[in-house]
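Presented below are the structures under discussion, each in the form of structure tokens.
In the two complexes below, chain A is the common chain; its partner is chain B in one and chain C in the other.
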Partner chain A sequence: MANERGQLACLLVPPLLTLLILFVAPISLMAIHSFWAINDDYLVEHSLQLTQYEKIAADPLYLGTLAGSAGMALMTTIGALALSLPLSYFLVRFVPPRLRVFLVLALIVPGWVSVLIRTYSWNLVIGEAGLMNWLLLSAGLIEEPIRLLFTKAAVVIGLVYIYLPYMLVPIYAAIERLDNSVLEAAENLGAGPARRFAFITLPLIAPGIIAGCIITFIPAMGEYVVPNMLGGLQGVMFGNLITTAFSNFDWPFGSALSMVLLGSILACLLIVGRFLNINRSMLGQE
Partner chain B sequence: MARWILGTFAAIVFAFVYLPIALVVITSFNQDMITTLPIKAFDTHWYSKLLADRKTLDALWTSLQVGVIATAVATALGLLSALAIVRHDFRGKNAFLLLTVMPMLAPGIIMGVSLLLFARFIGFQTGFVAMLLGHVLLALPYCTFILISSLARFDRSLEEAARGLGAGELAVILRVTIPGIMPGIIGAALFAFTISIGEFVVSFFLTSAGTTTLPIRIYSIVKVGITPEINAVSTLILAATVVLSVAALRLTWSKRK
Partner chain C sequence: MNRRQLLAASAAGLTLGLTGRGWAQEKLGGSINVLSWGNYIDFALPAFEEKHGTKVNIDYYASEKEAMNKIRAAGLGTYDVVFLGVGYEEVAMRQGLIDAIDVDRLSNFKDMYAPFQKPKESGQHELVTYSWGANGLIAYNPAKTGGPIKSWKDVYSGKYKGRIGKIDKANEQAYRSCFQAGFEYGPLTEEQWATIAKTLEADMPQVRTIYQHYDEMAQLLAAGEIWIADTDDGGFRQAKAKGLPIELVYPEEGFIAWYDGPCLVKDAPNPDAAYALLDHMISPETQAQLGKELGYAPANQKAVPLLDAELRATLGVDDAEANLNRVQFQRNLGAAYETKATEVWQKAKALVR
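Take a look at the complex of A and B:
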């Protein structure tokens, strides 16, 4: 028994220490920092206060950008969902299994290329001298190049591009697991395609959809690289504000902004969880 | 009918995924300095130019060093975690699993700034080692989960046999278990390396003047203007990533079939 415990300790201690030192301690320190303040000499004052949070609440820029980031993350989630659902359905329904596995991998593997490279590559597509404007100009459809780069729309396109694999994998897995006999039964009983989708397919793949939405929304909301490279001044997200605070050496303020971002992400998760629980209990009562 | 509509839709999604990457590759062979379309002449002189660019090569070298060491550390730690999770029951196992997943879910920027804050607070110099530790943290969850799944599929009767023949606990792990899950270990290592090589946000906060990784070097150039040379570097990274990921997938999936 003692041997067993000793073994477990040997296995557990190194990774646990790594996580505690590199993750728990830094985040905790950041939480503490957010209650400190910086004085006129740019030194951190170690006295607990709410100055930073008051500053965030007082300036509409911060909460406005937070709401804007949530909105962009929501649009990203909807966009990725709108691409993933029909695509997964097509792959499962009409493509033979071997080719299907290859095609799914072909969609996922580019997702492992550096985010930085995948993001800037959109410059070549939607930039002023990019492919889109070149095609439209040569076709005579537009007179002036469209300024899409450095807008909110550019950021959302970039985010959908980066996070598509996050959405695709759980949704594809859910659709692939669907039991076709249930759908056939419904068809035999006279349900049309729309009814079959709404009352059978959708409830069955709902867990996959929810998982996909959560793991797309969370990182999209805290994204920094995409708005930084494609957003310009219009497409600023909350992550950019955090970086600005840290590059101004206002660590307490940057920490408070980070805590607000973490708090909002946690709140979104709790709301989704609560909403799901209510739905489940309603279904249970029926 | 539905088949054709959905098929066209699927083709558009594939175009959406591959078009930007394809443009990076194509423009890297553009002879002109400015990346304007249409491309008039193709050649590989940006690749030769790359070979003479000291700063970019230094950044590549740093990236490779950070990548190899971070991979080794993250894979080893992941193996320890996976052994503890798969083979032992202990109080707080779920809490430990949750703690392992969290670095996967927290936004990269929060990890970057909190690590920077922590390093400054304890007086730790940012730079090579700091970036390395950051990459270990980011890769650890992926390594742990890949190794959990290969350990769970590993047939333990082989270990029993080795024990019966008189092998000690450590010898069993080193000479039976580890060789048995080698594909999973290599797969985890390749994932960790891929993550480290492409990582930007955390490195961005933990970099120092002397040590720059390739993504940070690319960022500093792209911020000024995209050059075909940068497209050439990116094309090389792209090729390397695809090769590594396909290898990782083959290794981690081979047992399931």
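Take a look at the complex of A and C:
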């Protein structure tokens, strides 16, 4: 028994230490910083106060931007889901396994390239003198170039593109794990394709969908590179406010904003968890 | 040894001794750690390394605050030289991060323009000026605007709605709007801040986008996304050098001057090499190269004859002395001013959204 406990401790200590050093300690430091303030010489004053949180609560700019970011993250999640679901279904059901691997890789490999480069490439595509307008103007489909760059739509397009693999992989894995005999039984009992998809496939792949939604929504909500490069004035998200605070070296305010973002995401997860029982969904259990 | 041989030997010994001493002064060896903005001093370093045999380890930063933070994080005794500007040298001095500079140890200091030779009110030299120029300026493409632009009033007349770009820097927006609203540069009252907020609110619906740095401005102007942009003189010259058909405007409402330069970090590990680098950065040769490479005006007047007539005209160095006497220099107005400027700027951006 003691030997077993020793083995368990040996197994648990390294990951627990890693979590403590790389996760708990930095977040705790940030939480402490959020109760401090800077003086006129940019030095942090180590006296506990609620100044930063009062500032955030008093100004609608911060909570308004937080709500706006949640909206953008939600649109990104819906967009990525709308693309990933049919795409994964098509890949699993209609593409031969050997070719399927290459197609999945083709969707994931661009993710290895820096997010800056991938986002900048959209700049060249949707810009006023970009590829999209050149093609549409050349084909005579439009007379004036479309001004898509520096709009909210451009930010959502960029975010969907960046986060598509995050949604695609869990959904693809869930569809691939589907037991065909269940679908065949439903078909033998007279269920049509739409009925089979709605009542058999969808509930069975729900854990993959929920996992995909969560791992897309959370980083999209804190995003600042894509909104900055594609959204301009229209794309200011909560992540941009945090970046500005830290680049001004107002660490207490940046920390307070980060804690508000962290708290809001946790609150969202708790609410969603209550309705969908996330723990089971994430583990793929019934 | 006869008298002639003795004299020859003495002369040879004296020459060798002097040369040796001179060589020892030139070749300092070792290394120094320098903090600077990216691609700002790099062109001048190979000549320094070759002359003094000192390796320069350069560490880049994006803002003065980041530089000061790096010095604090690494601890005194790590960095030798830090480049600061627009009043941050005073903040760094108050924080005990830099030492006063003994300008008598700099052979090129006497050749600087007179205003750059003046010590601070404290009687000390906290920085030697490496470069200077104007900010709060406007770059525009006359082919697109269809006519000249002379002022902020022209820019925000409504004619160029959706074709204007703004730099995403709260401090810069604060003084640009300050001039636009008819105020003097400096600390502002609450009423003045309210007027600045209103000025920005009125301007923002006409703005197409914001950008983080002047390279981005050049790209946006080149792509035709914007026709008019916030700029400083160096940013404009670098964009113009890329072949952009743009013009520079010193707005009628006013503009501001900036300066920056190297400071001596407190407890510098290699102070002799640090002084040698300071002297090298303000030498006529480096200063002339600064104009050629980066389009920034030299602070050393002996650099002017080393520039060709065209570059002298572009940099405006022939009028430098007169300009320096009438222009107002940017300074550090404190963290509270910056926090307020950031607040006003963030709100103005949010209004558009």
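Methods note: the second predicted complex is superposed on the first by the 248 of 286 C-alpha atoms of A that agree within 3 Å, B and C clash if a C-alpha of one lies under 4 Å from a C-alpha of the other, contacts with A are read in each partner's own complex, and residues count from 1 in each chain.
The rule is simple: a residue touches a chain if its C-beta (ideal position, glycine included) is under 8 Å from a C-beta of that chain, and two chains touch if they have at least 3 such contacts.
Keep in mind it's a predicted model, so treat the numbers as computed, not measured.
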Clash-or-fit label for the pair chain B, chain C on chain A: clash
After the superposition on A, what does A:P26 contact: first (chain B), second (chain C), both or neither? first
Would you sort A:A185 into first (chain B), second (chain C), both or neither based on which partner it touches? neither
Now for A:L87: first (chain B), second (chain C), both, or neither, which partner does it touch? first
Touched partner set for A:D40, first chain B, second chain C, both or neither: second
In the superposed arrangement, which partner chain does A:Q234 touch: chain B (first), chain C (second), both, or neither? second
Figure out whether A:E223 sits in contact with chain B (first) or chain C (second), or with both, or with neither. first
So, A:I242: does it touch chain B (first), chain C (second), both, or neither? first
Name the contact category of A:L202: first (chain B only), second (chain C only), both, or neither. neither
Per-residue touch tally on chain A - higher for chain B or for chain C: B
Kindly classify A:L116 by the partners it touches after superposition: chain B alone (first), chain C alone (second), both, or neither? first
Going by the contact definition given at the top, which residues of chain A touch chain B in one complex and chain C in the other? 129-130
Residue ranges of chain B touching chain A (in the complex, touch as defined): 3, 6-7, 9-10, 13-14, 16-21, 23-24, 27, 34-38, 77-78, 80-81, 83-84, 88, 90, 96, 99-100, 102-103, 105-111, 113-118, 120-121, 133-134, 136-137, 140, 144, 169, 194, 197-201, 205, 215, 218-219, 222, 226, 230, 234, 237-238, 241-242, 245-246, 249
Applying the document's contact rule, which stretches of chain A touch chain C when the two form their complex? 38-43, 59, 61, 64-65, 68, 127-130, 147, 149-150, 228, 232-234, 236, 241, 244-245, 247-250, 253
Would you tell me which residues of chain A are touching chain B in their complex? 4, 7-8, 10-12, 14-16, 18-19, 22-27, 29-30, 33, 83, 86-87, 89-91, 93-94, 105-107, 109-110, 112-118, 120-125, 129-131, 134, 161, 164, 215, 218-219, 221-225, 229, 239, 242-243, 246, 251, 254-255, 258, 261-262, 265
Which residues, counting only chain C, touch chain A once they are in their complex? 62-63, 65-66, 68-69, 91, 94-95, 162, 170, 204, 207-210, 212, 223-225, 334-336, 338-339, 342-343, 346-347, 349-350, 352-353
